[in-house]
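Each of the two complexes below includes chain A, the first together with chain B, the second together with chain C.
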Partner chain A sequence: MASSATATDMAATATSPARNALWRALTGRRGLGKLLLLAMIAAVLVPFAASRWGSGAWPGALTVDLSGPLGQASNWIIDNRDTHPLFLYFFGWISEGVIVAVRAVYLLLLALGWTGVTAAASLLAWRVAGLRVALTALASFAVCGVLGMWVPTMQTLALMAAAVAASVVVGALLGLAAGLSERTYRALRPVLDTMQVLPAFAYLLPVVLIFGIGVPAAVLATVVYAAPPMARLTALGLRDADHGVLEAVTSLGATARQRLLTARLPLARRELLLGFNQTIMMALSMAVIASVIGAGGLGDRVYQALSTVDVGSALAAGIPIVLLAVVMDRTTAAAGTRIGEEPSGPRWSYGWQAWAGVAAVTAAAVAAGRAASSLTWPGSWMVTIAAPVNSAVGWMTSHLYSGVPVIGGTADWAGHFTTWILDPLRSGLTALPWWAVLLIVAALAWLIGTWRTALTAAVSMAVIGVLGVWSISMDTLSQVLAAVAVTLALGFAVAVAAARSRRVEALIRPVLDVLQTMPQFVYLIPVVALFGAGRAPAVAAAVAYALPAVIRITAQGLRQVDPAALEAARSLGASGAQQLRQVQLPLARPALLLAVNQGVVLVLAVVIIGGMVGGGALGYNVVYGLAQGDLATGLVAGAAIVCLGLMLDRVTQPSSDQAGKER
Partner chain B sequence: MSAPVFSVHNLWKVFGPKAKADRVPGSDAADLTADQLRKNTGCTVAVRDVSFDVLAGEVFVVMGLSGSGKSTLVRCLTRLIEPTAGEIAIDGEDVRSMDRARLRDLRRHRASMVFQHFGLLPHRTVLDNVAYGLEIQGAGKAQRRARAAEMVEKVGLAGLEGRRPGQLSGGQQQRVGLARALAVDPEVLLFDEPFSALDPLIRRDMQEEVVRLHHDEGRTMVFITHDLGEALRIGDRIALMRDGRIVQCGTPEEIVGSPADDYVRDFVRDVPREQVLTVRRAMRPADAGEADAGPALAPSTLVSDAIEAVARTGGPARVVDGGRCLGVVDHERLLAVVAGLPLTGAAA
Partner chain C sequence: MARVTRRTRMTRTRVLCALAAAVGLLTVTGCGAADMTKQTSPFANAQGAKSVTLSVQSWVGSEANAAVAQYLLEHELGYHVDTVQVDEVPAWDALSQDRVDAILEDWGHPQQEQLYVQNKKTIVSAGGEGVTGHIGWYVPKYFADQHPDVLDWRNLNKYASVLRTPESGSKGQLLDGSPSYVTNDKALVKNLHLDYQPVFAGSEAAQITQIKQFAKEKKPFLTYWYEPQWLFNVVPMVEVKLPPYTAQCAAKPAAEIDCAYPTTPLQKYLNADFEKKGGKAAQFLKNFRWTKDEQNQVSQMIAQDGMSADAAAKKWVEEHPDVWRAWIPK
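The block that comes next holds the complex of A and B.
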């Protein structure tokens, strides 16, 4: 058998040396080969497609109008929501359960009073994360009260508590299944990966379709958005558990259950807590965005204020969101890093005594609050910042918006950005023949990944066309491209500076820490204050949101370059620029590619949300669909967002090629 | 000789798709080289037709370079890796036919293992790590802690009970691993390259610890190593593996003194032979008159000690067992041992 195989090989080599040489030349430059192949396919298909359907924007002959069927479906659901057994006995129960849970948490928080909640949160933070975070928590809750946002804060907290609890349970169960069964993992992973890259807006409409606008829809959208990280990290932790330890445990005769409970889960504690942390952050982010579908609370305040360009009120509600995010992130993150540390300090400060102390002080705080009959934050301690902020914004509008000598004003910049970059980009993209767009997408995805990623990307793009939202998707795409370009240019520059200078790094690290914990929605507030409404502010918010992650990933990649390689280059007399260009950047390539991918995904998420502040395009269609009850328009836009997200992720996803090889 | 604890016959382990792997042992495919086998069947043979007995109370060392299949072999003994074909018996009981409960019982009470990378639970203290084996057997907290404390003391870690593995040095961690294995009082201790990850000096300490333990308790041990010095130092018998096969099995002296083939010869070439071989192997028949004169040595005397005796007296030394002269060693014979020359005309 072996000899015959060798003979065939030899025959093949003998008969076609020319073909082999060509093949080798092509495969030697793998990218070139792929491009040539694609060019051949294009040469056959494009003339046909162009003559049959014409060039330019997506041909009408190839679109399918879904608004009719979707509208019917949505009408059917609305008509039958109160009668059909599926709704009565399944979705109805879920909806009821969610309402009861959120209501219960909300009433509990109100019953504890502001004294009780503040004491409980600060003491919890102290136990889990130490004194500094505890003080941050104390100050944060106080600020929420002072800004007059106590009740909305409690509403958001209640919604989040219910959503996080459900997300953690769902995520942990999925993660457990995927962590223990290879088959489940393989089935689940692509789904989770994809969910991770989709903008939050894409999740809103399907939920609204079934549950209608209201708290249940908001909570469920949050659960769908926030559960994947928990599932991913649980699975990861269980699968990556030190193989040697598990083997040792087996060798001592542990049963499967003992192995899971005494070794696998404890070994995965760090990942589990990280998953919890990410789930909380995602849930907060979504709970705020879900104000569009009736979440209420802080997000709703921001949403209402932004829709009337009332920056002052938006800021008053936005600050508590940021503070909540910071407190929750620091607390859960500290829980993760503190694992395995020895308790220290006096005896009363750890163990059950400490927890008893926490309970006692909280009870005392609740009692004190009740005795003073002050359950919500006392009105006399409130400060209204909306008016002064608005007058400040007014001053800015009149003085900084335009006509500032030499540098021009912020509105001028936004205008110029729109005229000189966004508009040409958009008209360029719209003017490109549809098949050229598909080809470019396929080529990019194939160059960096496999034919499979190329196919996914091209098909996603085609689906956008078929859905009939080609031109507004091009509008969104133009904003994404502009924002990504700005993000990468700024991000790489700052990252190189941070990687080369300890001082720069120390300077920007706290800024990045705070920026990375802020929910997407909050970024809209300052850009509206600075630039007004429009497409440029949406792009600016996207840049601001994506920049921290890009800087961080790039700087980390540059700094983690093998010091031996760098030392070798230095010993050969390479200059600083040479080291950067010839050693650091090439070796940090995976990190750079990851930064691009993350940048694109994050930018898309915020560009879509930008629809709320005049960004238009797909995001606006979603908001419009929700506001007007025209779910068909919203759903089509949501589907297009999903496709756009998939396409952008695949076009920039470098890891799939290597991952494919590993498998 | 005592009865075998482990008795292994024609053991095979073939990695790969199960249906294909099961067909490899005994077929023609088994004789292919590793590369060709992988190409043809997608399988890799880790253990090939291996047979040996581990006798009660001995230290049985399996030695080989990385990839020779020794770690797979030791895992097959308690079916941490499921063997493909062959027989394994512990005290005459068939291991391969054990059901899950019996197998767990074997792992819990009869054979426990010490691992190269320790395999300690990082979230538990030293004491709880040592007590872990008893815990999964269902022992009460007080009882297992008392036993664990005793073991911690025994391996010289007294005072470190409350530490976590991450706070210990490599040598200390391996002592914890050893204490954990000892805590369940197993019949056999299995060591999988336990000291490879340690610094040379600490490795030496740990080897002595094992020799001492064996001396004190006489527990049967199966010891996997890639370090020939370690094998010679602690092994009663050594099985030398190459490409999944045992190429030679014997006492250290047999391995060094009469290598089975060129591979083994190459392997033991740099061993200081005078420190392994005894005068029993180096002696020649006594010529007339030699049987009565010169210093007397026991047959188990190392050649290095004999050199000293011969150098001091200047003449040949007698090898005497129970008053009977078995033969003599002189300058020439001893130098031949040191130089690694073939010894002709050895006395019986």
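The block that comes next holds the complex of A and C.
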């Protein structure tokens, strides 16, 4: 639909229902045309390909075995890491720089002591975002201490500070380049778009290959993951600057640099802050995943708890991460909305006096902490929540796991889900001829986008085949499809309820907030306890992770439907169900498509880390590659994940190309 | 026009200045080499505290070692201890790069030993841990009692249909643990022509959860497992005999192995620099040596009784001063 939607079409559809029908028929025919063209291409190519290479799984003749060269590269790096100039004079210094930076922040945080850090964070939040956020910050840091996680929290904070600073610098520079030069923008945009949809897990391996396990690798992987939103939003902010203002500034004789510094950058402040906010959130969500490659801190505690299915300890380490995320999110978001507002309140509460006050109170807090010689959180103020949580979870699993009358236990559900849904889906996908898969992918992508998206999607699938991981990629794909189906069914149902009733919405909103900031790993632990090991728990974790975003986007889309249209339908005597089916859902179609796209991307990310709970397939290969130091296996699987992510995004994303042209 | 030339000249001067500054900075910082393999963790030795970083592997025995060592280092020798969870092979890499100081339980990695201990000399052996490990395939005792012939690998195919699960499809399930463990199971299944599918639980904890659930319902299962392990006290299991281990078989490439796993005396390893400069901590870790039963006591407190690793270590240390006194360097 959107593929052929020019601005005038949109206007026409909005105004006249008669034209609407006509337009729809036209696009329907256009879709048909695309399919016919594709069928013609297929009719020529498929018999040739099928007779030459057969039509089962991807033909062996078309694969390239990379394990030899990749293994050699990995061995070469290990052998030469301490002698080759490339490592001594380039990577070595990067690594050294990261270590120095993280260490400096860590020592500063330790020197401030718990009193100083808590005071500084709360006061900063108060200055930037107001009293409420300040109180949240105060409470959050106190909770980190009470849970006995003070030192790991400081380690994670130090790591985050270094990673976020680097991401912001890299992202802003890229964004600046893309914002000022049309050519750079066109070159960078597809890259950034793609990076946004890739599972974080795929970033770990190349970094480990060069830097080895440890903090430098963790920080760099985080930077690669967290810099793209900053770059995107910087570029967006610079390009969207008000042309009238720019014209005025130019006519006043400003040079290009003056124009940038005095007009374009200040005008883009809001986008810059939003980018900063996004970067922080992405970096925090990476904190746990990066612990697989030695990030330490809170993430490592969660990771250790995962390997012992210790839900209580995982929760104790997971809560501080969620709290850090909430505080940073609220602070930066409030800073963004406050831009341009006049300061209010008594004179001492803004301007330099306020900052001086912040510094003075922080110094006093540090001094108090030092005087009481209490730098890390006092041990007597700690509460261990692990034991009670674990006994609660133990009770739940022992009563729900099996033998529940009538509905059966969770283990039975998992078994049925595996035998009745996952297995047939997997054997169906594996049994499809390889050229049929390519055709289906191309058709889906073309229907929803342009020939370019179709080509990208089909080529991505072909690369998976060439890499020689066709069948396990089909396994991963079957899990993704099953999880997406469940997510959408549940998500749409809840969203419809939330969109119709204020009370339901108020009830689920805080739940969604918390679920969305939870690190992906935390979902893996309870699902093992409930569903055993295998593909079913991986799917369950993926559903739990993707559900909040799907519910939120769908509910928002449904609620934003023009009230006049609803009113009209009601006055014509449409029932509730009719209103939903014939008015709300069609009008909210863009939001629904977005929800599908987001759902697919999020599900893929978790299905991959499901390799750690028996999900097998590509995720297992990445985990195996990391665990056994067999980077060839891991890198090939990582590349396949990238291709799968690209393909899934392209077949669900309604013509990103069009959106680009409109800009 | 004049203004433009002045501007360009100014820019040029500025660029030159920047270049000079960059060159200066490089010379000051030494323009030297930065050896990545000699960079410690940024969290080590903070604020002058003597600190030791131990690598913990994901199985409970390794956790027990680390917990007791950590408790004694902190309370008897006054060190600060960081533990980092790293899988076995990357742990060797991290140990050689000084990201961690010690591995306390290694199940035998001849390739890494050759590379880092023999060739690069960045890692040194710290002697045996006192425990002997053995990996094998196990079935629960209640199942073996009913069907004694399952204990020979040649009869395994007969039971494949009994051992089927949703996850293994049409074949029998061979339950495997974490991908990081030393395992030849895929090769064994193929080379011994067994009608089984190795299913990786993803982590030892997931595997234990699964075994306990099977045992609760007295269902039969076949699993990759190892000794010493506290779980034997909870779920009694019997080993299935595989073709005997030989040196020739072990020398084959990984994909062609068709014999049982060896019996391995578990080893400790230290970073070479840490061994020289680590003082009492290094000496303590070298002295650390206990028995299978002692390790199991701590493991069971952690895994079965739900105690935190630290609490379990405390309890064990208080009850067995005679064992650990000998480890503390004078």
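In this section, the second predicted complex is superposed on the first by the 601 of 663 C-alpha atoms of A that agree within 3 Å, B and C clash if a C-alpha of one lies under 4 Å from a C-alpha of the other, contacts with A are read in each partner's own complex, and residues count from 1 in each chain.
Operating definition for what follows: contacts are C-beta pairs under 8 Å (C-beta built on N, C-alpha and C of every residue); 3 or more make two chains touch, one makes a residue touch a chain.
As the structure is a prediction and not an experimental result, all values here were calculated from the model.
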Would you check which partner chain A:T250 touches, where first means chain B only, second means chain C only, and both and neither mean what they say? first
Between chain B and chain C, whom does A:S380 touch in the aligned arrangement: first, second, both, or neither? neither
Identify the partner contact of A:S51: answer first if only chain B is touched, second if only chain C is, both if each is, neither if none is. neither
In the superposed arrangement, does A:S571 touch chain B (first), chain C (second), both or neither? neither
Once the shared chain is lined up, is A:Y106 touching chain B (first), chain C (second), both, or neither of them? second
I want to verify the contact counts: of chain B and chain C, which reaches more residues of chain A? C
Quick one: classify A:S95 as touching chain B (first), chain C (second), both or neither. second
Looking at the overlay, does A:L626 come into contact with chain B only (first), chain C only (second), both, or neither? second
Those residues of chain A which chain B touches in one complex and chain C touches in the other: none
Chain B - residues contacting chain A, complex: 36, 39-40, 78, 80, 104-109, 112-113, 115-123, 132-133, 135-137, 164, 166, 177, 180, 184
Which residues of chain A touch chain B in the complex? 1-2, 242, 244-245, 247-255, 258, 262-263, 266-267, 269, 339-340, 342
Parts of chain A lying in touch with chain C, wherever the complex brings them together: 78, 81-82, 85, 87-89, 91-93, 95-96, 99-100, 102-103, 106-107, 110-111, 155, 158, 208, 211-216, 291, 294, 296, 300, 303-304, 306-310, 313, 384, 386-387, 390-391, 394, 401-402, 411, 414-416, 418-419, 423, 528-529, 532-535, 611-616, 620, 623-624, 626-630
Touching residues on chain C, where the partner in the complex is chain A: 33-43, 46-47, 56, 58, 60, 63, 82-90, 92-94, 97, 99, 115, 120, 165-167, 169, 178-180, 199-210, 213, 217, 302-303, 306, 308
